[in-house]
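Next come the structures, one after another.
Across the two complexes that follow, chain A remains constant while its partner is chain B and subsequently chain C.
Moving on to the complex of A and B:
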């Protein structure tokens, strides 16, 4: 265990002012809350009341109804963590993938299909759920691999391809597969719109009674750890990070060292797609139990924000996923303070803005650290 | 009259004392050269004068008056101009647009482009720096781009011109063009400060030379009273041996060959035309030539970055059908790249991570795809010591090492790979004397070990000093094959310019 923690933090510890990497997101969050407070104040409402309501209902702080809001928090967090990790894996490998949204859709629809369709629906949970998750990751991975293949073999920029794949996934699913009459739509006589409901054996097991909290959060803990391990402890991750660091130079340094960058690009994009799709399966297997006719997405794009706040590090993404989950969970309660429930998304945007300004935050923090240090040393001289 | 004086300048960076009480005085109308190894503090000193850094203590006098220079704007007002190593030009803009940028002539709110053009013409005529004011900068060769930079600072009325390693990016012809310009500017009464670590250039152009080492000024000498050897000793602090005794060993079997290689470059032009040669064990084959005559195409073809239109490449007598860096390396090639930062290192990676690149998949560095930290650390520690990398900290990021030490990390990495053919592409580019000496020793040792080396270099002295055979590349063709004993630098120079051919009868 000690060894594990040592390794987890070793990369940072050797650096002078390593703690700044940790402090930058924290300070950004703090600044975002202050600026958000100023917004509320300027519209004549009470920021303290708003924040109290927000955090009381977020599931972060124990209180009345904590149990259920805590469950909701973890439930949505696991999806944000999935899409955040998806973005980060690609980003670490020097690829700017914004395809998590489409891969999330693919994951959700594949989960629904294998959840209700016949040969699988009768199987016991212990076999049924793994089959669904594997199929979800294969299909999501394939969706990512398309972009990876075009990048590696044809040199087409992954941003363009992933954007287009998002739309392709969206219209394939919502325009053809799921609407009434589509190949995956429920029969009209059942009175269900969207896909049929998944078999009870496909539902993720609940881990907290009287709530909707299921094992998805455990899955994401394991996945986060596996990705950290993959990135920092394996030759695959070593090569991926080398590619990411040299992306501006066309990955020449790893290439001349004999790294097969084309193969790695495809593997990275597959992995990135698989993880995002996993997030998509959670919403079907844990919350909606079907793919509805109107699907509220956005998790994929929020994943980019999650990855940014988490500085593309698996541990950071896990924590920032929890934070975004908390803001979303507490969102509705701010309406009591006469603030629209979309307000927490403003906070989210502000955090991202301050993270984007991280050089400034870092600079200020470093200045602060140095000033403190020099005043201490000068004091000791006198 | 003193144009620029610095007194007791101290600049402390987090880990190094970059300038330690530097005091010097530069006369109006002279060319003053500041030499020193990479990291000696010469660029730092000039950046202080230009206002890019603020010193911890010390004073700056410009034309006899004490000045407080905080930003480049201050120094521009004091008629100090600087030509940086990396040009600060906008490629898509025309020469005129670049020159007037930041101080544009205007009619009311409207940018007066025609007046700007005539202003640029006027100033280029005045100083004899020929240029087409309407040409886009991206279409100009590097030497002319530098001229744009010079015109830009002259237009702002600069009297003191600082050149930060201006010849590093230039070809020999462009360099001599630049020196003509510098002399003309000197005749005009401008004061020129010339930062360099190339001693032959300094001896050619400077009036007085200041030598820096580890942040301290070692002394100022008149050019007429010194020579390169003495300067080198002052720079490094000991005698430097750049002329190595040739290791006269008999060449062995062929380890590498290309035959009838035709390569199109990225612009679609044939960059290599029917090139054939071979490299044998215990032999250094030097490729001489002016930059841009096919060297890049040759290297990229050997690495597989450019696909030859015809011809074949073989290692150890076996033709490589599918040329990729991996296939070449597994068959015994090591490669010292011409561009350290781009091809040699992953800059944000630590020394320990860089040093195993290329062998990270091998036991003991990894086992079934999982890295073994202990073995990597032990290996990196050993190698950094063996190659005398400073500081010997395996956790430092590659970008934090000086150029010479970065090159040593690359050497440590490439030499520890199993190889019998070494492709050394400009291995001393941008290195100071101490590091250059190290690289030369390394190459000779490799040769003694039985490795065949293909040395591509722009430095004639390097080619002459190290090679057993010299091939001259001109316009994508090999126009001559000679041995250093039977040729002279003059003859090589003529061949490099395409004025003479000398092919060995096969």
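Moving on to the complex of A and C:
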């Protein structure tokens, strides 16, 4: 547990004021809320009302409708954690993947396909769901592997390929597979637009009655732990991190010491794609029950923010995923205070900005700590 | 011939915002500061451009407002990444995320809508286009007879930036800071000043690109459509062009040509070709980009110190 915390709170500096590392993310969140409040105030609306509405509906604080909002919170968090982990795995290995968005789409559409199509739809849940999840991870991983292969074998920058693959996934799914007449579209006479609804056996089991909360959050707890284990307890993780630390030097050091970097790059990108796709499957298997004609994405790009707030560490991402999930769950309620529901995105961006400014936050806190200490010692001298 | 001219004009129109943002990326990354906030900056300036144009009833004021917000956002990025040596990716993501939230907020606050802003005076209207009628009958050159100012700006700035980077002292300093800041510092170059300059300049370029989206051929801000990934395409074009102005131009033109080709193919498809789902046509430019990278361009190497925060030895 101690090591968890060391890794989580940055730079692993064993300095005198080590607790400052623990404070930096918390202070960043606090500062972001203050700046967001000032912003609301300056546009002539009431920040206190906004925050009260936001947090009451977020599922973090017990209240009248806590049960259902808490369920919604964990539901959306599990998707943010998935895309966040996807970005972090690549980042740990020195790769900058913007591809979670497309992999999320691929995961969602594959989950819908294996959820409704015939030979699988009759199976009992206990077999059906694992089959779906495995297929989702294979396809998602393959989508990530394309970028990994081109990077490893041809030296093509992964940023370009992942951006292009996002759009290719988007257009192929929404311009070919899903619209009326497409190979995956529901038959016109059923009156359903988008893909057919998945069979009941494909739905993720509910774990809190009268809500939509399902096992996706448990899956993400397990996946977060597995990724932590992979990164810090296996050769794969050791070599991946070595590549990440030397990415700016073209990974020369690990290459010299015998790491097969091209193999590792492909493995990392496969894993990254598989995890993001898993997040995409949750939205179909747990929330929508089909792939709709208009799919509201964005989870992939928010995953980057989640990973950065969580310092690219599995436990940190789990916590920041919960935070972002909470902000999103409470988002619609701020409309009562005449504030657009995208307001939480401003907070999210500000948190990331203050994370980027961690040197400044650290500097201020350190100054504060030293000032306090010197005043205490002066007092004792007297 | 008319069709060819039309296609080229369309391609230039489509390429201009991407190229401008891509040039912004080139100058910023030449000095060693990664700017993945291009997307966010474009959104900011597209919105502020429309806002300024609506307030003053004049598209030039809109452009100035767009550039103004570009300077502000660029200064924000520079403050984090240069002054406090913050992580450049983190800062860029912050700007992108904030832009998503804040623009919708402003749209609702100012125009009382969450979708489209009302129409405003813009550069694409017949009176405001740059008219060179004597060219209109000539093949290829005819495409240049009725373009918006943004297309001309994008072409001129490409040349201008090339000259700045490779033929002036300032350009040499910018590049040296991006390659080896410590060496530059020992030679008396003020690394921080150069980085501040390059980041803000880059942001201004991207801001002009953003204004081109909302004040170029359209006359309003569309919350879902504007930017919509063009900033990331610009980022890709910059890497594709190997961090050089003319490289970025070729990449932007390639992508825009593929886009125009896609429109034409989709519109003129007959027989079996018309049976192909529209998704394949829409995805074509992205396939072609990857194809071009695999087939022709290959490995790209950026400035050596790109993305590494510079801290003075204390």
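Just so we're on the same page, the second predicted complex is superposed on the first by the 344 of 382 C-alpha atoms of A that agree within 3 Å, B and C clash if a C-alpha of one lies under 4 Å from a C-alpha of the other, contacts with A are read in each partner's own complex, and residues count from 1 in each chain.
Please note the rule applied: a residue touches a chain if its C-beta (ideal position, glycine included) is under 8 Å from a C-beta of that chain, and two chains touch if they have at least 3 such contacts.
Just so you know, these numbers come straight off a predicted model, no measurement behind them.
Q: Is this a clash or a fit when chain B and chain C both end up on chain A?
A: In the arrangement built by aligning on chain A, the partners chain C and chain B clash.
Q: Is A:234 contacted by the first partner chain B, the second partner chain C, both or neither?
A: In the superposition, A:234 contacts chain B only.
Q: With both complexes superposed on chain A, which partner does A:304 reach: first (chain B), second (chain C), both or neither?
A: After superposing on A, A:304 lies in contact with chain C but is clear of chain B.
Q: Which partner chains sit in contact with A:358 here, chain B, chain C, both or neither? Use first/second/both/neither.
A: A:358: touches chain C, not chain B.
Q: Now for A:188: first (chain B), second (chain C), both, or neither, which partner does it touch?
A: Touch partners of A:188: none, neither chain B nor chain C.
Q: When the two structures are overlaid on chain A, which partner does A:258 contact: first (chain B), second (chain C), both, or neither?
A: Once the two structures are laid over each other on A, A:258 reaches chain B alone.
Q: What is the contact status of A:242 with respect to chain B (first) and chain C (second): first, second, both, or neither?
A: A:242 contacts chain B only, not chain C.
Q: More chain A residues touched by chain B or by chain C?
A: Larger number of chain A residues touched: C.
Q: Which listed stretch of chain C (55-63, 181-189, 199-207 or 253-261) steric-clashes with chain B in the superposition?
A: 181-189
Q: Could you pull out which residues of chain A sit against chain B in one structure and against chain C in the other?
A: Shared contact residues on chain A: none.
Q: Where on chain B is chain A touching in the complex?
A: That would be residues 14, 303, 305, 324-326, 329-330, 335, 337, 341-350, 353, 357-358, 360-361, 366, 369-371, 373, 395 of chain B.
Q: Please name which positions on chain C make contact with chain A in the complex.
A: For chain C paired with chain A, touching residues are 76, 80-81, 84-87, 89-91, 93-102, 104-105, 107-109, 114, 229, 232-233, 235-236, 239-240, 277-283, 286-287, 289-290, 293-294, 297-300, 307-308.
Q: So in the complex, which bits of chain A are touching chain B?
A: 7, 14, 16, 233-236, 238-239, 241-242, 245-246, 249, 252-260
Q: Quick one: in the complex, what on chain A touches chain C?
A: By the definition above, chain A touches chain C via 39, 43, 96, 98, 150, 154-157, 159-161, 163-168, 171-177, 179, 181-182, 248, 301-302, 304-305, 308, 339-340, 342-350, 352-353, 355-360.
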